[in-house]
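Going in written order, the chains are labelled A, B, C and D, and every chain counts its residues from 1.
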Amino acid sequence: MKTRSALLLGSLSAALAAFALTSPRVIAADKVDPVADAKAFQNFFFQKFPEVKHEDFVNGPYSMNADMKRQWQEKEEFPPYEFALDAGKEMFATPFKNGKTYADCFPNGGVGIRQNYPYFDEKEGKVVTLELALNRCREANGEQPYSYVKDEMASLTAYMAFTSRGKPMEIRIPDDPRALAAFENGKRYFYTRRGQMNFSCASCHVQSPGERIRAEVLAPALGILNAMPIYRSEWSGMGTISRRFVTCNSQTRAVPLEPQSDEYRDVEYFLSYVANGLPISGPGARP
Amino acid sequence: MASSIRVRATSNGDITEVQALIQHPMDTGLVKDPKGEVIPAHYIQQLTFECNGKDVFVADWGTAVSKDPYVKFSFKGAKKGDDLKISWTDNKGASDTTTAKIA
Amino acid sequence: MTTTSGPLATRRLILQGAASVALLGLGNLPFAPAHAAANDKYPEEAFKQKNEADAIKALYGRNAEPSNKVKLDAPEIAENGGVVPVSVTTTLDKVSSISFFVTENPFALAASYKIAEGTIPGVANRLKMAKTTKLVAIVEADGKLYSATKEVKVTVGGCGG
Amino acid sequence: MKRSLPLAMLLALSLAPAARAANEADYKAAYATAEAASKEAAGLRNQWTTTVATLAAARKAADGGDFDRATASAREAEALAKASIFQATTEKDAWKAMEIR
């Protein structure tokens, strides 16, 4: 075993050295500047894939591979998430035992607001995601919270995403040091290598979007949450953002954290903010 | 509960294009559940599309048809407003039917 | 597609075999193997055949010859073995049946469609494919069988876990 | 994890000729250090699934009385946990190298 971990450390440092050389100019200033980060992030992908239309990035792997795009468009004629969408609409209209509905918990009755989630809650001093807000709405009305990785939550977020389709992602970072810290924490999580595979989210979604890991084509990180929740053929079922984070972790052999832990909320905040301006395309269908 | 059959029938000229998506597990009977027990076969065997009293299209399905099955075909001889009756039966004898107006 | 080991699959076959025998016993109709595809009975036997040749014989009772009039559309690399969009169109006329065979699946016959008078000879559907496989589409036109074949690459996704 | 069991076997073979057969005490000691390292990794919120699986394999082998394999698995689990701790500590700053600026 000694040899194996030594091998790992060797490859780790080699990768670091190689990457330090190739990464663009390294600025010393450690001040958190989300606006500059978002601009750099988007330009990285616009320059790396000049032929991909900017709003097409939200279609994940289908913006990277023509053959898969054709298969996707065929499926979109009658997409497999139709059932989740209808179920979500029905749940949204069904009052809780106390007579209230989800519409009472959300601005504008929960219609057409998905593009503003997640937001930074200054009272709580933390990021609040759509999935978290839905469960808090349930608990505030005396109902049991839903699992973050199962169908009910996916149906609710599918309906809310559908009502925002086409609206540009619009995430705000208030002038509050805790919000900047949450953004930075999400960025750190996104670039940190984990699991025995020693991958970070960036290893796949920044270094090699468009390439294959076995049958699947990797999606670009830009706009990667815009199509959420997604019906995945792999799961033959719906998946929320929480389910996607948890399964990505276990694929790199990292033990997943609890859904909606701070790291997940912050990385969702970071990924959504840098996708500002790109359209919401959820619910989506993916391999 | 809404019917398990979602159907879209649109006619232009004499040709009516029909798309159907059906909510069904389509279990092959060859897959094990997490506890290791075999999930018994449960799949739609026959799906019939009937219009103006005639079976225009009949599908015989095996275990290799995807979960939440989808099918698309077109046929002549019907016009806007005609009724299209869709019904399926599966290997457990369950069935469902729905009627859609051709748009 | 995790499949169970041999004995379980055969046990399932025996069960199904018993069921169909019972059915036959019940329906003592004249079992006329007339135009096999045209009658409404579910081609139970054909769906139980393991390989493509037996399934074609059980369903149609004769062989097919390749024809470029049958246009088979399927992805080169399947996005996911569980949901492979596949479709067939043909310029042949008097088409009475279209069927799909996935040679590497446990049971080759995947789906068979009866095309009535006046129905356009074409169908699109989504099939499961266990692994990289040949996909054969057969069209029965005016009593003769025409086929088209395509290879579809199928593998799992993701980086391991 | 299919892959890690043969590794454990490999390790056991390489150790066997040198040390006498491991007994329960050896196993208990090896398991304790492995578990401590694993807890530390979990504390850094950077636990690996293979560490957890190898620890479980060690317990299973011990329950079956195969202390050779149990000790080997425990040692492998310790090495995996230590590697994950090293990963967590180096990544504290290493991630900046990958950042798009």
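Definition applied: a contact is a pair of C-beta atoms (placed from the backbone, for glycine too) under 8 Å apart; a residue touches a chain by one contact, two chains touch by 3 or more.
Because the structure is a prediction, the values reported are computed rather than measured.
Asks: Count the C-beta pairs in contact for every pair of chains, then give the pair with the highest total.
Replies: Per chain pair, the contact count peaks at B-C.
Asks: Averaging over Cα atoms per chain, report the distance between chain A and chain B in Å.
Replies: Using C-alpha averages as centres, the distance is 34 Å.
Asks: Roughly how far is chain A from chain C, going centre to centre by Cα mean, in whole Å?
Replies: Measuring from centre to centre gives 39 Å for this pair.
Asks: Centroid of chain B to centroid of chain C, CA atoms only: how many Å?
Replies: Chain centroid spacing, chain B to chain C, equals 17 Å.
Asks: When the C-alpha atoms of chain C and chain D are each averaged to a single point, how far apart are the two points in Å?
Replies: 49
Asks: Would you pick out the residues of chain B that each touch at least 2 other chains?
Replies: In chain B, residues 67, 70, 72 touch at least two other chains, as defined above.
Asks: Spell out, as numbers or ranges, the residues of chain A touching 2 or more other chains.
Replies: Chain A, residues with two or more chain partners: 80, 236, 250, 253.
Asks: Residues of chain C that contact two or more other chains, please.
Replies: Residue numbers touching two or more other chains: 82-83, 124, 126, 161.
Asks: So, with touch as defined above, which chain pairs make the list?
Replies: Touching chain pairs, listed by label, are A-B, A-C, A-D, B-C.
Asks: Flag every residue of chain A that touches chain B in the complex, lowest number first.
Replies: 77-78, 80, 82-83, 86, 236
Asks: In the complex of these two chains, what residues of chain B are touching chain A?
Replies: Chain B residues touching chain A: 2, 6, 8, 19-21, 23, 67-68, 70, 72.
Asks: Along chain C, where are the residues that touch chain A in the complex?
Replies: 75-83, 85, 124, 126, 154-161
Asks: Spell out the residues on chain D that touch chain A in their complex, using ranges where they run on.
Replies: 7, 11, 42, 45-50, 52, 75-76, 79-80, 82-84, 86-88, 90-91, 94-101
Asks: Write out the stretch or stretches of chain A touching chain D in their complex.
Replies: Interface residues on chain A, with respect to chain D: 1-2, 4-5, 8-9, 12, 16, 19-20, 23-27, 37, 40-41, 44, 187-188, 191-196, 198, 200, 202-203, 206-207, 250, 253-255, 257, 263.
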